[in-house]
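Below: one structure, written as structure tokens.
Going in written order, the chains are labelled A, B, C and D, and every chain counts its residues from 1.
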Amino acid sequence: MPVVLQEFEFLPYQRLQEYEEQCRKPGESGAAVTFVGSLRDMHEDFPVDAMTIECYPEMALQEIEKVCDAATKQWQVDDYLIMHRYGKVEPGDALVLVAVWSTHRSQAFDACRYIIHYLKHKAPFWKQEHHGEQSRWLQGNTDDKAVSECHG
Amino acid sequence: MPVVLQEFEFLPYQRLQEYEEQCRKPGESGAAVTFVGSLRDMHEDFPVDAMTIECYPEMALQEIEKVCDAATKQWQVDDYLIMHRYGKVEPGDALVLVAVWSTHRSQAFDACRYIIHYLKHKAPFWKQEHHGEQSRWLQGNTDDKAVSECHG
Amino acid sequence: MSVTVKYFASLREHVGQAEQQCQVPECGCSASEVWAQLNASLELPSNILVAVNQDYASLDTRINDGDEIAFFPPVTGG
Amino acid sequence: MSVTVKYFASLREHVGQAEQQCQVPECGCSASEVWAQLNASLELPSNILVAVNQDYASLDTRINDGDEIAFFPPVTGG
């Protein structure tokens, strides 16, 4: 049940492949649901060249673990793997990976969706978009409304 | 937007990694949700040594494409990749992969969940579990109730 | 008229074959009439599904020359 | 008493530093009182979040010797 914060690029499906080979017992879980969030090259008609993700690492790990604990209390979860990127990221890079293994499909979907939802609302990460010389901190969550201020 | 029926083993995350590298434009989609269904080594206290998946291939392809069309009408979907195994499978093998790329997380979750749900209820596949000399056809869907009959 | 009839899974085992090419006398007969003609000794299972030309159909669907009719039990894919 | 205060993201830029080690005179003062003492010239932003020892807390949370207090804007991870 690893939670990993990582400053370097990661390939989410390669990591999942490795994780299944190394850490999962074949035939244990019938269902795996995975969410991968990546940096888009466009955000509300604002082109994005890069992004800096700042984090409060000790608290982020704890908050993500709390969210996962709450999910495993509510749903039957065999295992999970959470990765979150920080530092400088480029469009196309994976920002976050949430993978949940379960016996049952519906449990895996519900738990995965719960984890990414609460991770976004509770884990202390902040995104700053860059375009040319301009940068802006995103305010509030991307699936809520991003109100933002630009400063050169 | 490929739909693939495959008689040979596939590694779902390896395929996703390849598919993203070869077919997806980096930075286009902010969200990807993936469901992988695998053969468990146990089903309702019945140990499973292997499974045979029979299919009606032409109709299965058409039905899966209909389900995907319905999903892309209802949700904003950038792309999808569906794979379904048939023939003889072993515990731990991937049976089905449903991957959906979207701009938005909630759309990707909803579309992926819709596709796997209707795929299971509409696509003409049938599963026969094997244990030693015994075999049984699964009746109805695994997340509904599997009523089954054994014959030696 | 000439039709192709396919059977799948437990129904294929029950009928004892996977596919039949056969002649049906009258045009416009229903899928259940095709079944009755080919499997006179076997009652139509109550939960049977029917597809005509790879599309879900009903037992009442009218069959035309050259059609492919499939009979099968409830599906269990995914 | 001695506390560590951290600032993140836009608030870090606003305050002009990421971390302060500092002495707070009275034990049992609140997080907002710590802010007022360190940033007398800066009004507390209305949407500010507070964590004490890496746990979400409120502006009224009482601070003890050795605590780590973090002030930051709403989070935007994932």
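In this text, contacts are C-beta pairs under 8 Å (C-beta built on N, C-alpha and C of every residue); 3 or more make two chains touch, one makes a residue touch a chain.
Since the structure is predicted, the reported quantities are computational estimates derived from the model, not experimental observations.
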item: Labels of chains that are neighbours to subunit A and to subunit D; value: none
item: Inter-centroid spacing, subunit C versus subunit A (mean Cα positions, whole Å); value: 49
item: Interchain centroid distance [CA atoms averaged], subunit A/subunit B, Å; value: 24
item: Subunit C and subunit D: spacing of chain centres that average the CA atoms, whole Å; value: 73
item: Junction residues of subunit D, two or more chains touched; value: none
item: Residue list for subunit B, restricted to those that touch at least two other chains; value: 37, 116, 142
item: Every chain pair meeting the contact rule; value: A-B, A-D, B-C
item: Residues of subunit A defined as touching subunit D within the complex; value: 37, 53-56, 58-60, 62, 84, 95-96, 116, 119-128, 137-142, 146
item: Subunit B residues within the subunit A interface of the complex; value: 11, 13-14, 16-17, 20, 26-42, 48, 91-92, 103-106, 108-109, 112-113, 116, 142-143
item: Contact footprint of subunit A on subunit D as seen in their complex; value: 6, 8-10, 12, 51, 54-56, 70, 72-78
